[in-house]
Amino acid sequence: MSATISFSAQLINLFAALILLLAFAMLAQRRVMQLINLFAYQGLALCLSTLVVAVSTGQTHLYWSAGLTLLLKALLLPWILHRLVRRLQVKWDVESLINIPTTMLVGIGLVIVAFNVAHPISELSSTITRGTLAIALAVVMLAFLMMITRTKAIPQVVGFLAMENGLFLAATSATYGMPMVVELGIALDVLVGAIILGVFFFQIREQFDSLDIRHMERLKDN
Amino acid sequence: MISISGLIGQIFAIALALLLAPVLSGWVGQCRAWFQNRTAPPLLQPYYMLHKLFHKDVVLAHGASSLFRSAPFVVFGCMVLACAIIPALSTDLPLAPAADALALVGVFGLARVFISLAAMDVGTSFGTLGGRREMLVGFLAEPALLMVIFTLAMIAQSTSVTTIVETLAHREFLVFPSLAFAGIAFTMVSLAENARVPVDNPATHLELTMIHEAMILEYSGRHLALIEWAASLKLYAYSCLGLALFFPWGIAEGERFSGLLLAIPMLVLKLAIGGFLLAGIETINAKLRIFRAPEFLGTAFMLAVLGLLVRLMLEGSA
Amino acid sequence: MSTLLPIDILLIAACAWLAIGLAGLVAPGNTRFIAKTLFPLGALVGMLVGLVALGFLGESPETAVLVVGLPDLPFHLRLDNLTAVFAMLLGFTSVGISIYAAGYFRQGQGSAPGVLGLEYHVFLASMLLVLLADDAYAFMVAWESMALSSFLLVTTDHRHEEIRRAGFLYLLIAHVGAIAILLSFGVMTSGSGDYTFAGMRAQHLSPFWASAAYLLALVGFGAKAGLVPIHVWLPEAHPAAPSPVSAMMSGVMLKTAIYGLLRVSFDLLGSDLWWWGVVALAVGLVTALFGVLYSTVQNDMKRLLAYSSIENIGLIVVGIGLTLIFHAYRMEALAALAMTAVLYHCLAHAGFKSLLFLCTGSVLHATKERSLGKLGGLIHRMPWVAWLALAGVIASAGLPPLSGFVSEWLLLQSFLFSPGLPHPWLNMVVPVAAALVALVAALAGFAMVKFFGIIFLGQMREPALKDAHDAGTWEKVGLSWLALLTLLLGILPSTVISRIDAATHQLLGVGLADKLNEQGWWMLAPISPERASYEPLIFLVTIAATLLLGRWLVRRLYHGRVRRTAAWDCGYWFQGPRAQDTAEGFSQPIRRIFDVMFRLEMHLPTARDSKPYYSVKVEDHFWYWLYLPLARLVSAVSGLVTAVQGGRIAVYLLYSFLTLLGLLLVARP
Amino acid sequence: MDFFVLMLAIPLVSGALLTVFGERAWAPNLNIIASLGTFLAAAGLTAEIVANGPRFAFGEQFFIDSLNVFFVALTAFVGLTTSIFSGPYMKNEAAHGRLTIPRLRLYKSMYQLFMFTMLMALTTNNLGILWVAMEAATLTTVLLVSLYRTSASLEAAWKYFILCGVGIAQALFGTILLYFAAERVLGETGNALLWTHLVEVKGELEPTVMALSFIFLLVGYGTKVGLAPLHNWLPDAHAEGPTPVSAVLSGLLLNVALYAILRCKVLADGAIHGDYAGNLMMGFGLATLLMAAFFLSRQKDVKRMFAYSSIEHMGLITFAFGMGGAVANFAGLLHMTMHSLTKSAIFFAVGHATQKTGTQLMENIRGLIRINPLIGWGLMLGTLAILGMPPFGVFASEFMILTHAMKHHPWATPVLLTALGVAFAAIFGKVQPMVFGETEAKRLPHAPAITPVFLHLGIVLMLGVYIPPYLTRWFHEAARMLG
């Protein structure tokens, strides 16, 4: 194992850790604008990690992936979200169902679970980035946790998108990226989804006068 | 396959039943009168009454239907059939295979249903009351009677009355405890079925207590005559059945006239004793309230079942 | 083309019924066409079915395989003697009912006549297919079609809430029962994957699985037959249905359940354990006693009959239990006796119960009244119906010389020999069961006297009854046909038994026919004349002769004068219709004696009541013991379950999350 | 031209056309014609596959074998009948003022795109594209569910979007893991997500990874199938969307999602020895079945109730596939077909019934049979069919499932019995008074579309007593493929 590879592996691990850290930061963030910014940083970190993988493995399509990530996750989506927040005049505070420290504790538990679950797979991995699979899983789970705990629509969507980041990290780190067709498709879906969501926000606002999803609890059976 | 002697015996048995039945009723009435220190009516009093009733016009209620008019005949027919198949004198009865002991119970049941329906026909309060009570007595008495018959049938391995009687008459003199139970149950059922004290009182006309009389309140003339006759036939049939089952001695077997001739006095003697005892029972017992009647009959039913159990447990494969 | 085998004819008959039903859709509103053309045609087909089945009895089985069905399991059909007996029952009973229905159905508020005709004929065809089916799938399809079509018939007059409720309860229990039957078939198939009955016969199940199959079948078929405690639909559905439908359900459909039980327990299940019989015996006894007691206290004439059907089914199942016990101990002759009682009672009950239900139909048409408390004295206005009903009543009460007595007699006879059983306590307990059977029979008499006496006898309890009219010609013909069947079954038992004996023979390997043929056709002596015998014809002739002779003699010797006058009032001046015993009053002794068996709600007036009234309501214990708790349980569980759907998206996400987490942590391979 | 290309192209192109021209008067007809075209192309494709066996398209990216061609035919067929149904239905909705012309345009174009995504999901050979198509199907249907723009429909659509989005993200993680496992065997040739390649090497895939992957896939696509407790979006979306959408959601989308699971199960089974995947599916199936049954008894909204009924049936089907083996797979496939046809027929009938009475609350719908006997009977028969009453085909598959379960998993039968019994009581008890009884409802401005209802029920009835041999062969082959 040559030094460069080990160096790039270290870099990738660094970025992965950064992504995990950002995921935690998002979980803890109380301001919606900051949340979106954190999401953008996460996208950037993701892009960089992909780039490192691309450089170190020489997989050309990973450059494309990196570019796409940068464009979509770090620039376009945060921009859309920013605009939405301003247009919709969302209250800047983010309310959480459970208080932040508890959420963080649960988050740490989840990371342990994720590591535990991913451990046997990491053992198998021959790629340079085998540890990142566990981190990707942890990021997915943290994003999941965020979606559960947030009561407003926009943070929930940010959580959703963060989950996509986690998935993307898994895809690049564990497997050097999915086939290009698939990645394009995924990117398209995410984009369309985000746009539809944007349209949705306006409709929800119109109907409920708020983006607080706690208003949307009328359809139930009990 | 029906022998001449059998045929004659059969006709003779029916004729005897028809003749003897009212006398038996008269005899019981006489005995009762004696027991109660009354002047007894003549022995043939029932005959006089039948004759009188046959002569009278039938007075029908406006609401009476054809069922009301046919019921006396049906009941009478049932009783004649019952008498025809009970081996009072002889076990050589060509009609006997027509109905075994179970069918005999059925015959009584048929008669009971008809008389109850007839009682309900006119639509008076007492009629329906009587019909209901009769059915009440019936549904309790009938299973008890069936159980008695079951016990006996298990001893004889047959439900044919004649076979039972033959078996019982011929057995070694063994004490069958089950027979005792069955006998008591049978007596109780007979009392109830024949509208006797303590379940009913044939002599009463106090409306709220009567059963049989309440049912036939609307009957008159020949219809009443037939019903009264049928009632005495029923008493006769039960008596003969009881005597045949529990005291089967002296009943003629085979196709000999001599046996038949000997059987008649035996029967008359046994009936006389039976009638006397019946009158005694009726005298020393008080009539039960109608709602005690189920208890009485329930006891009979239990005794009969007990008899069956005793039979099964103690006498095993005897 | 080869000759037409009986099975082909039966199949064609089933198709003909379907075709007749579909023909009704051409003009669904045309009552005349449907009632006067299609129903009589259906009756003709029924006659054909009956005759073919009758002619087939004694032949060796025939099979057929149709093209339709599941891919690897086309419909297998088989005509054997057991099938033939029940097909005969179906055919002959349906003749009477169809003819009656031709006169009965008229333009009403309920389903269109065409739809009704379709449902009715599908019902008939599916019953025939149930009998013919020779594989699990065909059987289940026919079975559920039968349930479905009869459900639709029950809810013909669907505007009434209680009728819909009755139909719902019926279909629900039928469906649950059907699933039980299906599972029973599943067990019987065991590992083979062969769902034909032939495949099931070839299986050798362990006692455990065989018992499971048997019990499932008992539950499944019991639900259809009305065994306690899954009987509750029966007294609801029968009164709700139009009378011909009640007649068909009670007379024929319940028998298909008996058929199924016989098919499973004797034919398909190879092994037999004595306790199966004990279970059937016990369930049957409870059912019979329960049915008859409730039948005596009913105030609705059709409910009364419905409970009486429960009682009869109970007796039939008692017979099946007895047969199973004898069969398990290889006492085949006695088993044959009990089996004959079972089959005979099926036939007898089909005849007299459909007769009685049809009579209630006529009464209902004439008076618009089902409640016994508002009927009475109809014998004057409807003599035909009354006298024909009397035949049914006598048969139903189990009295000689009609059909009900024969089967009861056979059943009691078979009880009489149960002490021969080798099992130490069985031989004692079983004969005592006969005591209960006797009690049931006697109580049936009580119920039937109440039924007939209150409806047809006495004074009319409502003035409107004066306008009642007798049944029409079609109805009379239908009723008379069934009464004739009842009579024939009553007086020709030996002839009938020697025909249906083929089925007994098929199931048990022995029959009664040889014994019977030794004696004359008029005598029924299943073992030997010395042991037991019954000659209903002679019986009937004797009574009839005495009757006629007596009448002739009385008129000859005395006179036949009659005077009419008012009934004697016993000194009470008011003797109007209200003074008669009511239906409640009639059954008061039963309520009093057996009060533990009922759930009574009584209101008795006191002396100080300004508006005194009396009411008594009899309810089924099982509602409170079984069904309501069950309903509450389901409701409670669904309350808990629906709490899952709380409307909060965060919680939903949490479910997904926890599921994922749980699987990741727990369900690792 | 190639049937396959046509089949995908027609909905895509017509979807695009309808987006532009959807407000023209002929647009509804175009919708129907396009659906018909799709159906014909699918029929042609089916015939081709039946005659010539499996084939590829666009290189190896698309693959049509007997398993998915059966779903393709079913999807195209139900798509056609639903488009026929939606003509009069939507006219009535517009007449009631519930929808405007632009919304109708959106409806039609999204409907076609939805068909496109489903057909793509069914025919793709690439598990990645499968995922993409599933996600796209979610997106199109989100717009369809929120078509009325009422607060309830928005809420439903939001929940649908979030829950399914999250769910499907799990599926993507599963797909990544699958790719991860496959890459180790197949190398970086780009074939590692192609099912046909995967299935050849399924025995060599790493069991641990495959197990994890299957968990994620099951949870992911299972959300879309409506497996409890991931089902929560389903009743809301069904109840609040337009009825034709409920019909296709229930009848098609759930099938497609289940199809995705099945494809993955084949791989998981090959990799993991033992019944790991099957057991998971059986567990999910039973839990879903039982839970849905108890949900059913508390429903007030008719469409919601039938949505739960769909969940219940999906549970049963999942259970059947979980049991595995030729018979159970066969039964599962048959049940999917029957359920699709029956449930969409029910939704058609329910749609018109709710239009007539102006409410979805069951207690306010009464006596349908008296206002319109055909709708009444349609609903009644459909309900009976879905409840598994013979001679309808649902019973045929339930028969096989139950008997098979009794044979191999007798412990499950009490659960099945309870669930089916409770479901029967719940559904039938509510439908019966809706169909029968008295009513005050009025006539509709546009004649209802009855044909699709009875067409579906007729097919279901026929399949209950007679399954044509070629269909049988086809099912058998598909069942064998599932192992």
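The chains carry the letters A, B, C and D, assigned in the order they are written, with residues numbered from 1 in each.
Here is the rule we go by: contacts are C-beta pairs under 8 Å (C-beta built on N, C-alpha and C of every residue); 3 or more make two chains touch, one makes a residue touch a chain.
Predicted model, so just to flag it, every value in this text is computed and none were measured.
Colleague: Along the graph of touching chains, what's the shortest path length in steps from chain A to chain D?
Modeller: Each step joins two touching chains, and the minimum needed here is 1.
Colleague: Which chains, if any, touch chain B and chain C both?
Modeller: Both chain B and chain C are touched by no common chain, going by the contact rule given at the top.
Colleague: When I count C-beta pairs in contact, which pair ends up with more: A-C or C-D?
Modeller: Spelling it out, more C-beta pairs touch across C-D than across the other pair.
Colleague: Compare the CA centroid of chain D with every other chain's and tell me the farthest one.
Modeller: Relative to chain D, the chain with the farthest C-alpha centre is B.
Colleague: Chain A to chain C: how many Å between their CA centres?
Modeller: Whole-Å distance between the two chain centres: 69.
Colleague: Just the number, please: Cα centre separation of chain B and chain D in whole Å.
Modeller: Chain B and chain D have C-alpha centres separated by 77 Å.
Colleague: When the C-alpha atoms of chain A and chain B are each averaged to a single point, how far apart are the two points in Å?
Modeller: 100
Colleague: If you average the Cα atoms of chain C and of chain D to get two centres, how far apart are those centres in Å?
Modeller: So the centroids are 43 Å from each other.
Colleague: For chain A, jot down the residues that touch at least 2 other chains.
Modeller: 117, 144, 147, 156, 213, 216-219, 221-222
Colleague: Scan chain C for residues touching two or more other chains and write them down.
Modeller: If we look for residues of chain C contacting two or more partner chains, we find 639, 642, 644-645, 649, 653, 656, 664.
Colleague: Can you identify all of the chain pairs that touch?
Modeller: Final set of chain pairs in contact is A-C, A-D, B-C, C-D.
Colleague: Touching chain D in the complex: which residues of chain A?
Modeller: Those residues of chain A that touch chain D are 117, 120-121, 124-126, 133, 137, 140, 144, 147, 153, 156, 160, 163-164, 167, 170-171, 174-176, 178-179, 181-182, 185-186, 188-189, 192-193, 196-197, 200, 203-204, 207-208, 213, 216-219, 221-222.
Colleague: Inside the complex, what are the residues of chain C that reach chain D?
Modeller: Spelled out, the residues of chain C in touch with chain D are 67-72, 75, 136-137, 140-145, 147-148, 155, 158-159, 161, 164, 167-168, 171-172, 175-176, 179-180, 182-183, 185-187, 189-191, 193, 195, 634-635, 637-642, 644-645, 649, 652-653, 655-656, 659-660, 663-664, 667-669.
Colleague: Which chain C residues qualify as touching chain B in the complex?
Modeller: Touch list, chain C to chain B: 376-377, 379-380, 383, 386, 390, 393-394, 397-400, 405, 409, 412-413, 415-416, 419, 427-428, 431-432, 434-435, 438-439, 441-443, 445-446, 448-450, 452-454, 457-459, 523, 525, 529-535, 538-539, 542-547, 550-551, 554, 557-559, 561-570, 572, 575, 577, 579-581, 585-586, 588-590, 592-593.
Colleague: Quick one: in the complex, what on chain D touches chain C?
Modeller: Chain D residues touching chain C: 158-159, 162-163, 166-167, 170, 207-208, 211-212, 215-216, 218-219, 223, 228-230, 232-233, 235, 272, 274, 276, 280, 291, 294-298, 327, 330, 367, 369, 384, 387-391, 395-396, 399-400, 402-407, 410, 413, 416-417, 420-422, 424-425, 428-429, 432-433, 436-438, 464-467, 469, 472, 475-476.
Colleague: Touching chain C in the complex: which residues of chain A?
Modeller: So the residues of chain A in touch with chain C come to 97, 113, 117, 141, 144-145, 147-151, 156, 213-214, 216-222.
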